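The following pair of complexes shares a single chain, subunit A, combined with subunit B in the former and subunit C in the latter.
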Partner chain A sequence: MGLGVAELRQAAWYPVASSDDLPFRHVYHGQLLGQELAIWRADDGYVNIWENRCLHRGVRLSIGINDGAELKCQYHGWRYANRTAGCTYIPAHPADAPARRITNRTYPVKERFGLVWAALSADAPEMDVAEAGFALRPMPVNALPEMVLSALVARGEAVTQLPPLGAALVLAGAPGRATYFVQPVDSARAVIRGVLDAEPDVDTLMAFNAVLARLRDAVEAEARAIELPDPIVPRYEPVSVELATMPDRVIGRQATVRVMVRRRWQAALDVTGIELAPLSGHLPTFQPGAHIDLHLPNGLVRQYSITNGPGDLTGYTIAVKREAGSRGGSAAIAETLREGDVLAVSEPRNNFPLRRDAVRTTFIAGGIGLTPLLSMARALQRQGLAFDFHAFARSAEHLPLGPELEALGDRVSRHFGLGPPETAEAIRQVLGAHSFARHVYICGPGPMLELARGIASELGWPDEAVHYEYFKNTHEIDTSSSFTVELARSALSLTVPAGRSILEVMRENGIEAPSSCEQGACGTCLTRVLEGEIDHQDVYLNGTEKAAGNVMMTCVSRAKSARLVLDI
Partner chain B sequence: MGLKKSGGTSEMGHSKTLAPALRDLWHVIAASQEVPMGGRRVTTLFDTGLTVSRNERLRVARNDDGTLLPVIERYGCIWTSFGSPSADLFPILEYGESDRRNIIAGSIGVNVSAPRAIENFLDMGHFPYVHTDILGAEPHTEVKEYDVEISFERDEILATRCRFFQPKAALTATEGQDVDYIYRVPHPYCSVLYKSCPTDESRLDVIAIFCQPMTEETIRAHLMLSMIDADNTDAGIRRFQQTIFGQDRPILENQYPKRLPLDPRAETPIRADKSAIAYRRWLSQKGVNYGVIPQQLS
Partner chain C sequence: MVTLYDFELSANCYSVRLMLSILGVHYETVSVDIYPGSDNRSEWFGKLNPEGTLPVLVDGGYIISDANPCLIHLAGKYDDTDRWHPIQDWMVYPLMLGWFDFARRLTASAGVARTGVAFGWNADLPALQAEAHRLLRRLDEHLWFGEKQGRDWLVAGEHPTIADIAVFPDVVLSEEGGVSRQDYPAVRRWLDRVRRIPGFVVMSGVFPAAPERSTVPLDLRRS
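The block that comes next holds the complex of A and B.
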């Protein structure tokens, strides 16, 4: 009889829900050809159709929580982003950014005339139907989908077939012509989804419903007389080898994502706001605190924090401060970048992860340093977690992204025009004595960061509760030493001469290692050290981490001993 | 793809042959209190209908051909085997201590495979989400590093140094604290948990789950407690444990596939799942073939 499951899978788009099935913050449990679906609408209107299974332990996502921007699994609270289904947070390990790209299976989605459509195959042909229409109440039928279509056609006049499982016709007894699509739920389960050209009156709707109910009864009686096929065995695709085995992919400073400058505006005095849009579809998943490498037309590469809130993947918003002594990065952006320019960026990388297991989180932002903290605060606000945000700037005109900050409401305190002693006093007030499960995140100019870290330490805050990110490493890098580096896993021994970094020497010898800022600020080239004494020159690791001596930044740090053994 | 699901209480062996590692083990089939003197109870183990009766002695018989099966009674439960089992079950030494309260807190049917239920029993990460304000609470969600070993001489998994933050660990506690746990998996379908005892710091309360695999995808879970607790009534202790299990049940029944996949690429483990990773590997090594989706060797 007719098409097999494999052909139906390949063939086309099928309706899987009515638009009405997706009210505010709901997750709808759908099914298509034996495959269960979790269907939900984000607050931005986007409809997500995902495999109904959390990748962690297989729990149905249809029992999860739609918070408007992300879907949260009921079992362990894993969060998956609107649009990409990328995992943004794993609560069991609050200090880690999900380093590997954990992404749920998504299906192509369309919304047309009151119905939500899915395709199981990425190469389903474009859907050729009108935009307008009114969806009838769906009619579930326990019978083979093809039996249901045959019954519709047999009872219809003026039939136009719409393969694979649709037909426009006038059904005997119905008050007019309609288009009927049969949703193949499973091998012996279907839903008739009828569409009218325009919204009818209630009597007409009831008449259609009565005709379809009679048709259902007749088809189900037929189906009871035959032997029904077994339900379709759902396919659970294996996760990638990368996820199952956990090695870090070796990536250098790669620009794999093409973006277009959609909007550019004055975000404060000397600060340019830039929204980078994907050329098609949406952008890769990011976590709060993440940055991208922006590859500029003049060949320079610069890092900028993503300021977006959760689930917002239609464009990354960054803010760029024009530096007085610009070496060409911020100047190039301020002077030459125009709306419509196409640029390359790296995938987002997160070396400044946000813990969400704090009783209260404090953010201390100095000037342009508020960019990563804004993204973090938006995530906490969405989750309803407690935080306070302190923005320091020379004046209101110097405060970047003022309107975006406004949306965080009364949790934001603004501190303008303070000199160093007043700033110190304000930070002292904001921090107070450390108490259980409090965390502070600091980002801003180097001197302010040093000041805030010092005060936190005086007030008894432990290193693990104080999180910070420097924009850049302003320390003079001493490259005078020379030493040997052994790469334990690659079985290579390299000599690092004065004037060259470990990272450069590894690259010259064919070892691909990830990196981003290459000045010891961003944390991307973090490498485990198995033996030897490290000469730390970065601003990424905190005192405790440096003293432990088991990790280093290969872009600037060197060896005090004659030999280092790295876990590469 | 996949085996056709074995249905109902058909005879075992038609759809698959039980691995020796399972055939020669003792399996729980009822709580002792379910079969009082003079009583009988019909139940299912590995798709096979059995009748348990207690008159002058305790008997277990297959329903299809009347064959009598071996039987022992341990830890408040009745156990049988389809093969040649060892003389005794795995030890739970605390059970014999005279001042302990030993209680069967419930025998509860769940539409899930036995290994999925065991894995859930070993899992701490779900405490704030599933047992909110009892065993954990947001935002305190961290699963701290712990140790797992597979003991070859005892043939069991041991997870130690497990700690989890509880907002109110005991009735007397005014602020939250870490609670210590030790987990054992001495049997493919049984697990034993040791937890710091609120009334006596030097001793541990014991909570065990014994899963009775009725079919590959349905179990009865028998919950056994061995507590140092002079304050609460049996009914109170049972109610607490049933509340906890009642919170787990809808999660377990919404897990797909229902059988536990042993292929490392089937799901995405994290460090917090170390004990589950060890458990899956241990089941694979034993050749356990019931309630699991074996790893496909390519």
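The block that comes next holds the complex of A and C.
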């Protein structure tokens, strides 16, 4: 009878829910041709259709929590982003940014006719139906989908077939013409989804419902008389290794994503706000604290933090401060970048991960340093976790992204025009003595960062509770040493002469190593050290990490011993 | 002093725990091990409730057995607003009694299927599941048209009633008895609404709902 499962899978778009089935903060449990679906509407209106299982332990995501921007698995709390289904947080790894590429399976989605449509195959043809419509109450029927369609057609007049499983007709006893689509839930289960041109009154809806209920009862009686086929065995295509595991290498400097400058505006004195939109679809998943490399038309590459809240993947918003001593990056943006320009950026990279297991999180932002912290605060606000945000700036006019900060409400304190002693006093007040599971995140100009870290240390804050990100490494790099580097995995022994970095020497010898800022600030080139004494010259690692001596930044750090063994 | 004779896994006991929590009534529990202990068949419990069924609520020496009478007692005594048990409203009250009857039939089908699966008790699972699906179809239809008419709960009114609390447990636990709710989207949305009632508590197999969009408190956990 009719088309086989394989043909139906390829053939078309199928309705899987009514638009009304997807109120905000709800997860709908759907199924199409045996394949279970978790369907949810984010607060931005986007409808997500995902495979109904968490990549971690296979638990149904349809029992999960839709927080408006992310879907959280009910079992171990893995979080997946609106639109991409990229994993953004794994509670068992609170201090890591591990999940960059872990991504659940998504299906193409359309919302038309008052119905939500899915396609199991990416090559389903473009859908050609009217935009408007009102969905009748869906009528599940335990019978073969083709039987259900035949029954509709047999009881209908003025039938227009809409292959593969639809027909417009006047059903006997119904108060008018309607278009009926049969959703093939499984081999012997279907849902009749009727559509009217406009919303009728409730009595009309009830009349249609009564007719469809009678039809359902008749078809189910027929189905009970025949031998039904086995349920379709759902296809769980294994997620690719790349999408299912932690990447063992951090994302490199390749400009893999093309974006357009959708909006640029004055985000403060000397600060340009820029929204980078994808050329099509949506942007890659990012985690709070993440940055991108922006490849500028003049060939320079600069790092900027993403300020977006969770699940907001229609455009990355960054803020660029015009530096007085610009080496060409911030000046190029301020002077030459225009709306409509197309640029290339790297995938988001997160070397500044946010823990979400803190009892309270404190953010200390200096000027433009609030950009990564804004993204973090938005994530905590969405999750209803406790935080306080302290923005330091020379004046209100110097404070970047003021309106965005405003949305965080009374958790934000603004500190304007303070000199170093007053700033120190304010930070001392904000931090107080360390207490259990409190964490602080600091980003701002170097001197302020040093000050805040020093105060935290004085007040008894342990290194692991103090998180920070420098814009740049202002220390003079001492490149006078020369030493030997052994690359354990590559079985190579290299000599690093004075004046050259380990990273440069490795690259000259054909070793591919990711990097970004190349001044010891961003953390991208972090490498494990197996043997040897490290001459740390970066500002990424904290004192405890430096003392442990098992990781280093190959872009600026060197060896104190004659020989270093690296895990590369 | 309010004492609940309670079995943690019982759907009927859960409805009473829910109501106690929603109304903010302080109570203590005496655990009665139905499975595997069969404590409800013991002599001491027989003096409390000769039928041997749970829950039993003892409130100031007054003994009430079974879920629906317990709900009526709690709403009558502890809800000053009468919203949970609008006994004066002759348009609503008879419908509530109808839903109590519905809850009982759901317990006798979905509930028995669930304990059959969980405890290996003798049960005609296909017949019980078919009856549960028949009831859930009715419930879904009622709730779907309710949404179209601006009614969020089982009976008319802005506020939920003890009818919602009586019906909720066997619905929310139905999948443990092999009764999927996939075909009942309006039921699933109503489950979200019940789970957002202030004071709602979970039990094993019941998960909290996401906070509603409009009422996500910005200072949820700020001390």
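Keep in mind that, in the parts below, the second predicted complex is superposed on the first by the 555 of 568 C-alpha atoms of A that agree within 3 Å, B and C clash if a C-alpha of one lies under 4 Å from a C-alpha of the other, contacts with A are read in each partner's own complex, and residues count from 1 in each chain.
Note that in this section contacts are C-beta pairs under 8 Å (C-beta built on N, C-alpha and C of every residue); 3 or more make two chains touch, one makes a residue touch a chain.
Note that the structure is a prediction, hence the values are computed from the model and not measured.
In the superposition on chain A, A:209 makes contact with subunit C only, not with subunit B. In the superposition on chain A, A:263 makes contact with neither subunit B nor subunit C. In the overlay built on the shared chain, the residue A:239 is in contact with subunit B alone; subunit C does not reach it.
Residue contacts after overlaying the shared chain place A:489 against neither subunit B nor subunit C.
Look at A:63: by the touch rule set out above, it reaches both subunit B and subunit C.
In the superposition on chain A, A:74 makes contact with both subunit B and subunit C.
By the touch criterion defined above, A:224 lies against neither subunit B nor subunit C after alignment on the C-alpha atoms of chain A.
By the touch criterion stated above, A:528 is placed in contact with neither subunit B nor subunit C. Contacts of A:563 after superposition: neither subunit B nor subunit C is touched. Touched by subunit B in one complex and by subunit C in the other are residues 63, 74, 385 of subunit A. Subunit B makes touch with subunit A in their complex at residues 1-2, 4, 119, 125-126, 128-130, 138-143, 250-251, 254-257, 261, 263-272.
Within the complex, the subunit A residues that touch subunit C are 17-18, 20-21, 23-26, 28-31, 43, 63, 65-68, 74, 137-138, 140, 191, 202, 205-206, 209, 213, 381, 384-386, 409, 411. Taken in their complex, subunit A has these residues touching subunit B: 36, 52-53, 55-60, 63, 74-77, 90-95, 102, 230, 233-234, 236, 238-241, 243-245, 356-359, 385, 437. Within the complex formed with subunit A, the subunit C residues making contact are 141, 144-145, 147-149, 181-183, 185, 188-189, 192, 207-213, 216-223.
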